[in-house]
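Pasting the structures here.
After this come two complexes, each holding chain A, first together with chain B and then together with chain C.
Now for the complex of A and B:
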């Protein structure tokens, strides 16, 4: 009979293995769902690398594969930051490239010929499947309920907050870093629970991998010490904590110092000082514990308190002293802007200019997390119920990460894992009580004693009885199913609408509903690749540096690495000054072509004129007397590009390049800029020192060639005037007596 | 050419004589007036200060610090300006570099504001000397426009760039001893209070419920966009143009202060309903009561979530999902 055979399947030892098998199948399905939900862009467009930074990673990976590991390690790249170059091997996080390099070689070993580009495109979805598995492991450590881990894995697999950084083609550090983050935390929890050196060493190993992969490793570097510190403050010191922390810290720090880009930062940078401080503290606490076995309790308490106070005071004082005297590097700018939110705005325009560094409005939270966002506090509350060591970790992580996510949109990524854990805890505890088929008999309930200890939360002191009526069960389970279905629909909708655009290729809808692909970027980059000499220097705003390097394979002046603010300001100055000022700058930097992005014809809002104020601001930071933001606003404080634009605006190189010949597309006097929604001046701006070389189909990318010096030694404006047939006025030609040239 | 030189010499001697007769006492007069901070000017003394010939730099800020004018920038910058003038007057500087710092408030100098046709305040003007070794050919004042909150260091470096090369006094921010002392006193008071009250305080500090409440409130605040309000200084509410109040800002990247509080409250209600369903309800012994509680809280959950979805849909036009009542 079916029920009895089901009983055989679900109970006893064969039941255990059946459930294990089911769990494996479910997890594989979740991983498959995670991978496939990230493939929208491949299906809709093609297998292409997205956005900006991935292009650099892709280029670096290709270099690694062609030249081998050691020359990658010593790579000096003279094709970026012309004429400075960049010590690329020592200034990047190599984890991502090495990972895909290893995968490539393994596949080659198995005689599976795969293009490196496809590995790079599909790396992020592949790792998201692994993240779901790691999430299952992490959550299973937090809860006794077997369903919590599966729920968390499912949430993590499809939540948009994580998909946003891991769709196919977004070949960025975060692609593997989130997996490493979650898995490192899982190992850490395991280490704290078991107090074993093996787990601690594994934590350190994966921590080292994480350091090699993403700058966000600082989050782990601070969270684990904070966890230990809070445990110590709660009086929960144990040998388990001591063993796991010291193992992790010693091995992990050594491991992280092997990355050239990190180098000696772990002992010199303030970002890492909390880990070192807690390492010292835990030694003292361990020593105190040792003494306790020899001293009577009262004396010991006093000793301990005074010791803690003394250490904290000394440590803090020492930190301040070392920071002031400069032995420890001051907090790095990006990190500092997390705490003092006004800091970046005033002091570091280049950080403030990046949209990822903006604060997060509430719709973004709901957009990225949907109903997990309100299950999240409930889950955190449930952690307070038992409040074991691992639950303390969840609480700390939750509070810290939600602060960071609120300050910086980009850090939503670090919040997502803990939201999934907490939400799964909350939801699984609902489902566990409401999805039980048997009804509790009213008599049996009194048998359970109120075992809950005094410290527990008041709401959970009474014993669990269970749900009586079938109706309540069906109401709650039904609505939860509705929410879950809604969540899946939401995630699919968000992923397909918001996070699957490669932003190299744009798509729009024609009036008849058919899709129209806008491929201007690649068109222009391939024009450069095929029509310019191999070492033609391209000047563009830094956003496009990596793409030019990756797709056009031409040297650039600045790129998304932004390590040299002055160089970026130089480009900003050249873009925002008059031609007479810009031309010498262009000549000095050997610029052959200038690239601008212009969205006025199509209504593409991410164009250079909309970023122009940031160029001005960054240039003003270095040359406050030559470039002034005020000059680009009209007397009434408006940013205008039409007839009433300020002279500084109209004469700036950027403005001229954007609107050069734009008017000729329209009937006279009707030229319309669709991004800024204004008419543009009737006359096309006059460019003297540059000539138009190429304009893409939809005018999104415009390329200008920098003219060589005039053959007859005239300045460019008079040469252009002569070519146009304008006569030079003779009136000013009053010369004095001839003078012999003297040396 | 050779003829001209003596003439120039003669002229410069004459002007030198003239200047020695009139301006040194003008500089001395204002310099003594200023003592440490900037000189307070009115219309007539302003005209006198900037009248030619002058052999000194006059750095004047035209401001409106009175509360009536509602110039927040003016009031914010007042102390910074004081700091600049004080640092300059106290610092060591070359003998021939003469600078007078002055403040002209709108209350005392309406005529000047009208003459300069100033619509905004504050405005910073530097008048270079017209005679003497540092004289500039064009005696026009150099103007600094304030575009937003700015610190003394930035303004001071701007002024420094328009003064001749050479050593200049450093900008010295006085150490706020009062603040340090009060911080120490408060710290000690807290430590003492803790030591004395520890038998009463410790149970509270160690109370799990308290920490749970703190964490949950923090999480709710942060996830409802409180930091955005703090950083962007968004308005609390605005009017909808028809005399009513608009609670929700249009657009995905915008929000109001009240809006985030409403959202935080919605999240709180939803979380609370979840907690009740997960923890409280299974512990209820009364059969009927349990059924009632389940129905009530499940309904609250459903309706509130539906409302949240409808709010989100209002912010994000193309969002296709909703729950029945809304």
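Now for the complex of A and C:
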């Protein structure tokens, strides 16, 4: 459009529709940018499911597609948790799988045959586009300036804090849950503003969807009651609040109970009690308000105080009584670790062992949010200035989420939306004040920001100070633009470098700069799939359970679901004990193959020896007499794997499996572990009860076959010694660098 | 766009809102009812007074809603009593029955608020210390039309009963 006609189009009634059109175009562009910046991993690697949990979701989705909804609902999985099995249908959040199943069937209906894997890979980017739209709606409710919503949508689209969980291929619950979180909050704000049952019911519906999708729904369950509670304490009770809250609670609670995994939790678990309490409280307040219309103030006060005292006393006493008598389940362990960061470390090693449950390091905030993190307090401050009902919500959300994000790394995800809202509020008010302060002549950049309700503080105090001059405007706007550009550059850099690795396939650079793909995991899993019987039981540490189930399609002993701590501890004990102790455990659990991940040759630091201490700790939690963490440290308290390693360490199954034959790759005495940076003992550890079955190209994955009982009834160590004594020559010949024996 | 549609909905709502509310609703706070109250009356007297006020000022339609709410309270209370006395064996059934009663109760209460408020409880920010929260634009679009409120009520009830029937086993 020509600049002369631009002025006409931006003014008056046609200007409004032009702006509407522009806004739609901008939103579409933002959504497109959000989607496309998440495709790095597909371009760099391939369309593949990432990491650990997504592999389970992918497997469950395939099951859903093949067997239909009802058998998915009743799915008992006997290929995981080997002797026990898992009631998968009743212990998962089905929202994600059902969503992609529905998309799959709709596409089928439209005769667009898309592979289910591609739907799963691209689900997270698709939903991130929707999240940007929901963010626009949410922020538009907070501010009269239309630019705030657009800025928030743009921030949400590309901020690394959210991208970290929604790149293409990270097919996890969070992929759709963040969209649902933001949209539920939008509907809630809308409900509080309008006070209509319809918005409340819609909030409840999306809340139900959220419950079906992610365990983080508890955040909503506690945030909305807290919002209402604070409103009540501020004396801002109104019919709108009553209508929206009670509708949401009554419908949302019933809706959440439809999910089998949640079941009766909303009335049993203490995490949900605050919602119930506020529900009761608001009934009383409503009744009090109702009485008040019939009474003069003085008597009402009298009546009210007696009522309040009575009910608070009764309610608190009842809650304590129920908690003590055990009708209400105690708070869950993850919840405790939110308040007491040391709690998990002492009591529940399995929670503490997950890296995303660790406390957040300070640089992570800047890494994930860049300049939004210092705009965030400014935005919260501006909410204090207006402080309508919805701004109270922003303030509460901001306080809670920033505390939680400091406690657990993964909760950075819940902080990100509110940071985007607050930062957008702050930035839009800066831009509005400086772009459109005096004349419309400077509005070539301001076409999307036509209103200027909010002046900055300085400008209201001294309205004639020269912020109207072109110079001051250009300085401020220019610096904001520089920050925005830096933000975009930072986000792109972080996305492409930190968050786009599938971690199933690793990439490294060769000295000449070319990319080198390390594909050991898939090599080993594919070996399992091709060379072992269909029901060969694989024992590995639980991190790899989902991947073995998804890629190798073999039964596993433990996996990332971690529902049975004892079973995991059993595996930990087998890994950390002597062979004589481990072998009976392996036999008892029908284990055919043992899988270890070893990074010593390549310098891959996420290997099992580095996780070994967690195995020891978890095993010690169940068998404190048989496994002791202290035994794995040297007298000086060091964790060593070289010549000076402790006997317990050297004799443990994990150590033996990791370094078995490793020395043969190097000249004598030169064997070097590149992860731990130490030399390893000259002699290869002697494995009696296991034999090496497969080792991948870079030695990352090593598979061992569990030997059957000896034919002559000897124990394995004497059998091996006998074999060695007779056939020393053949045994040495066998010690090649790689033993590719396929049973 | 949201702001625009806002404006449209308020302009359409405000003319229709006063029209169907000729029902006098409740009398404002400090106006004297049929019987004035002494300053230091006992709680029983206050309750008596409230009851008289209520019976004399509530319109017929609202009374009907109130009767329904009392009925729901009775139904819910009965189920709860059964649960306490006779055990909660079909717990799903108890929960959905009780939930239906509670949910219907709050929905009806919401409907009652939307249809019968003569502006009593709906201006939260006009009482002294809260006055500074009142923003410049003022609180608009407070009241929804009766038809809209009833349609919302039906919508909410449908969802509620769908969940209950689905949950009852």
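Note that the second predicted complex is superposed on the first by the 681 of 743 C-alpha atoms of A that agree within 3 Å, B and C clash if a C-alpha of one lies under 4 Å from a C-alpha of the other, contacts with A are read in each partner's own complex, and residues count from 1 in each chain.
What we mean here is this: a residue touches a chain if its C-beta (ideal position, glycine included) is under 8 Å from a C-beta of that chain, and two chains touch if they have at least 3 such contacts.
Model, not experiment: these values are computed from the prediction.
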Which of chain B and chain C A:387 touches, first, second, both or neither: both
First (chain B), second (chain C), both or neither touched by A:362: first
First (chain B), second (chain C), both or neither touched by A:251: second
Contacts of A:298 with chain B and chain C, given as first, second, both or neither: second
First (chain B), second (chain C), both or neither touched by A:198: second
Touching partner for A:68 - first (chain B), second (chain C), both, neither: neither
Contact residues common to both interfaces of chain A (with chain B and with chain C): 387
Chain A - residues contacting chain B, complex: 341-342, 346, 359-367, 371, 373-378, 380-382, 384-385, 387, 395, 398-399, 402-403, 405-407, 426, 429-430, 433-434, 442, 445, 455-460, 462-469, 471-472, 475-476, 479, 482-483, 486, 489-490, 493, 497, 624-625, 629-630
Partner chain A, residues of chain C touching it in the complex: 1-4, 26-30, 33, 37, 39, 41, 43, 46, 49-50, 53-54, 91, 95-96, 99, 102-103, 106-107, 109-111, 113-114, 117, 120-125, 127, 129-130, 133, 135, 141-142, 144, 148-149, 151-153, 155-156, 159-160, 163-164, 166-167
Residues of chain A defined as touching chain C within the complex: 16, 20, 23, 137, 140-141, 144, 146, 194-198, 200-201, 204-205, 234-240, 242-243, 246-247, 249-251, 253-255, 257-258, 264, 267, 283, 286, 289-299, 302-303, 306, 386-388
List of chain B residues in touch with chain A within their complex: 145, 147, 151, 158, 161, 208-209, 211-212, 215-216, 218-220, 222-228, 230-232, 252-255, 259-260, 263, 266-268, 270-272, 274-275, 277-285, 287, 290-291, 294-295, 298, 301-302, 305, 308, 312, 315-316, 318-321, 323
